[in-house]
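Next, two complexes with chain A in common: one pairs it with chain B, the other with chain C.
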Partner chain A sequence: MSKRMENLIRISQLEELARRDNWLNNIHSLIKLIITIVYIFLISSIGKYELTKVLLFMVYPVFILTAADIPIKTFVGKMIIPICLGASLGMLNPFLDKTSVNLFGLTIISAGWLSFVVLWLKSTVCIAAAFILVSTSPIEQIVGALESLKFPKFMSIQILLMFRYITILISEFERALTAYSLRTQGRKALEWHVWGSFMGQIFIRTAEKSVRLYESMKLRGFNLQTAFTQKQKVKSIDVLYMFIWVGIFTGIHIWI
Partner chain B sequence: MHMSDALITPIVGSSMLASSLGVMATATKKLDIESMEHRIPYMGVVGAFVFASQMVNFAIPATGSSGHIGGGMLLAILLGPHAGFLTMASVLLIQALFFADGGLLAYGCNLFNLGFFTCYVAYPIIFKPILGKVTQIVGDKQSQFRLGLASVLSAVIALQLGAFAVVLQTVISGRTELPFMEFTMFMQPIHLAIGLVEGLVTAAVVIYIAGQRPDLLHITNTSSIEKTGPSTKSLIRGLAIVTIVVGVLVSQFASASPDGLEWALENVSAHEIGGGVLEEIQGSIAVLPDYDFANDVLPSTVGVGVSGFVGSLLTLMMVVGIGLIVRKKSKSQT
Partner chain C sequence: MQNIIEMIEVSFAYQDEPPIFNQLNLSIKKGETIGIVGSNGAGKSTLLKLLVGLVEKNKGTIKIAEKHLTSKSLQEIRKYVGYAFQDADAQLFMPTVYDDVAFGPMHMGLKGETLDKVVQSALKTVGAYHLKDRPPYKLSGGEKRSVTIATVLSMNPEIIILDEPTTGLDPKSRRGLIELLEDLSQTKIIATHDMELTRELCDRIIVMHEGSIAAQGPADEIFNDYKLLETCQLEQPYSMKPCSKCGL
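Up next, the complex of A and B:
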């Protein structure tokens, strides 16, 4: 299966998860966004060798994956490549940092390996936090949450349109590339003499599509001033949820 | 070149986020939102096009390998710097949320590295000057060459700047053990090759579009969605504020050491240079001698600040006065 089709499936799986009706999906998206930002912020401030802290911070994604019934197979499938890429961030650390450290007061290992593991885990949990956000909140609610943080309305509309059109354009590229591959005895990559015409033709069709899109939006009464994105009401349980998690994160950060 | 959250500290991430949001706010202000309603679907669709085109592999001749484009330069050329930057912001947000491509804390860094250098450095400083004053792009060889050269150079330089910014942000954060020089030597050549491929692909696409639909390029778009430049009043207001800040606050940090000429003369003549009678006269009539009050009524810092403010004001009055006199004289002569 091509990378494009894999990405299409990824988007639809995440959307499906986000539109389920469960207690976590019903929490206000702004609350989940704030928790995610605070989480990532605190994770990033963890020092190079603070393995205990990172392991304790993993309680958040582990709890959410279990409590919100997010399929582990889907989660692992989405995370494999980012996890592998995350490992490449600190892969030179063991060779550059050879000082010795005590781990849990007992074992002596190279500090480079410790910082490599810490960096890898930090990268993994940050990606996991973003994954949890988009698999528990539809894009419309996330954009609505951003708007309540003074994100410009026209940018919200643009992001939603872009998100919807990504699937259409990926399909269009897939069809065009399949046709190209069939005509060139199975070539997967575009040869240099067709770069311009291949991409240019799809772009011109895209531009003309956008004109028809705008006209159909206007016919349906679209107006930038009155256009709305999904807005939810913040409940007291949502605020309590936020304080609990922020309290846990802050406690781990300060006292461990 | 998408940075991960683990590579940066919260301070670096927050600072870059604040910078990128500042640029976003400026770009939003520069766009005439009322008249660009019809362009919002176009921006969204072009963003989706760039997003999808990142999944297309371009075979690199004679290497057996393939690459893909980032799309920042393409966005700037098609949409212009402001709309291009905002569209890039949307693309990166979706990539960070749905594809774990770049972190949320590193979002500001990624937007700055991939959006700012393409839209606000490469496009106005390299692309547009190479293309020259263009009102109509024709399909002749010279236009194609200039478009191609402008695209390639812009993409290469933008990616070099972006890659160097990644090095700086990572080294300042101190999250990896890679030393600065080695990291730079590693990143720059790789991104030179990437920039070259991106530039060539961008050139091919832009030349094709220029031949078929030149109206789709921002540089030929006569119906501008951007507001006209800053008014003279706001420019003067801005300069006045900067002058006051520099004259009153920044002047506090001025060095008290002798300047180069004084230092050189003192070292040559081996004693302090004096002006004799003229210096005595100057000292007696100066209102704020040596940028301070004559008697020590108030602290020196206040004296320096007041000197800066008064000096700037007097300079302004003198220049405006001379300008008015010159204008009056030239009007009376015509």
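Up next, the complex of A and C:
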């Protein structure tokens, strides 16, 4: 398996992180989920030229990454593709928005460039917040927390199975791509007329495999009705943790 | 000895397809090791799936440990029956070997020290304790197979069903697996194309052909019936074939 594929498939790294025994992992998953939702909601509502606010909001991922001892290498490895995709979101802004704005009251710069940077940072910190959530809470607990928030059961089950299923999808894709490459003199990029049948085959094969995976889960006692009945208890320290962060986020949002 | 599995006049067909089984009868005694052999498409895997309710019979009765297999009793019956898939990758989906082996007992309500003991014991039985922190997809074929069996053993089943357990294994891993299976006291049902394995391990061989049981009996009796082997597209194990040079 190629290094790149292996890195992608190593979704288990996140689970390994989530199963460590440290203070952040021991905070109730529902609390972390609420903090993440509030954070993403407030970040999304920041104006397109409010760079200071976005920079201040970065305190959350930076603090957690440091305090929870999440390896920077793993973080960067998982974030690199989303960061690049985030950059593509506002790449046309510098060309479309050519008005000038004052940055920190000191320098006048192009508003397009400013909104591009703000959009990029916003998408990056939102993804970082989601990364922090899944690397500090096991997926079953996150899904359990979603259930507590009355998230529809069929959707939470989809998320759980998707998490298990994604490695199969990636490894199946790589296998098919290698077979293709071996019969096309090492050409790695798919020709356009092959895409339809190639993706169709991948879908059928992975669907079959995922059915077997689900059957295997069922045979070992997994039951949709009782899947998330083992709920954690919310402690007062968890509630305090939530109020501190929500207070900080709201403070930044209102007063800055 | 009492029957632990009974199939009485079981019929089954996949939707919109011709029947695979028509009034199939089969009984298996507690503690027996059964080999199910037959050409591709003979119905071996479907038979195994019927026993754990992965496919539902159209007619007839299936009894596991004297309990009728119905949708209501399915959860209960699956505690008795452990099933190891042909494709080990389909069975191993958790981030580490330990988590995977713990998945079943955890869903049976075990936790803490009890869970840990069960997982450790299962891993030690299959000789895979040293792999407990490894991600399953990084294991070799033989290691994956051993861990797959550990995932089944950790649920302490009375019956173990194995679908093509030696597929893709190198000779050493295959030998290790045979020795492991020899040591297990549970009732074992093994669907396989590995005739040597059935001869070595199984008390009784069931020959499947076109959805029915063509013959059943001790390995040597089955593998000496050349007409049966030819009809069912099977081959005598190498250990039973005479030497090509001396004829003995």
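Just so we're on the same page, the second predicted complex is superposed on the first by the 167 of 256 C-alpha atoms of A that agree within 3 Å, B and C clash if a C-alpha of one lies under 4 Å from a C-alpha of the other, contacts with A are read in each partner's own complex, and residues count from 1 in each chain.
The definition used in the following text is that a contact is a pair of C-beta atoms (placed from the backbone, for glycine too) under 8 Å apart; a residue touches a chain by one contact, two chains touch by 3 or more.
On a predicted model such as this, the values are computed, not experimentally measured, just so you know.
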Quick check for you: in the superposed arrangement, does A:75 touch first (chain B), second (chain C), both or neither? neither
Can A:219 be said to touch chain B (first), chain C (second), both, or neither? second
When both complexes are superposed, which of chain B and chain C contacts more residues belonging to chain A? B
A:209 contacts which: chain B (first), chain C (second), both, neither? both
So in the superposed three-chain picture, is A:168 touching just chain B, just chain C, both, or none of them (first/second/both/neither)? both
Answer with first, second, both or neither: which of chain B and chain C does A:16 touch in the superposed model? second
List the residues of chain A that touch chain B in one complex and chain C in the other. 10, 168, 209, 213, 217, 223
Mind listing the chain A positions that touch chain B in their complex? 3-4, 7, 10-11, 14, 36-37, 40-45, 48, 78-79, 81-82, 85-86, 89-90, 92-93, 96-97, 112, 115, 119-120, 122-123, 126-127, 129-131, 133-134, 139, 142, 152, 154-155, 157-163, 165-166, 168-170, 172-173, 177, 187-192, 195-197, 199-204, 206-207, 209-211, 213-214, 217, 223-224
For the complex, give me every residue of chain A touching chain C. 9-10, 12, 15-16, 19, 164, 167-168, 171, 209, 212-213, 215-223
The chain C residues in contact with chain A across the complex are 52, 54, 75, 78-79, 82-83, 85, 87, 89-91, 93-96, 99, 103-104, 106-108, 135, 137, 151, 155
Which residues, counting only chain B, touch chain A once they are in their complex? 4-10, 13-14, 28, 33-34, 36-38, 40-49, 51-53, 55-61, 66, 78, 86-87, 89-91, 93-94, 96-100, 103-105, 174-179, 200-201, 204-205, 207-209, 212-213, 216
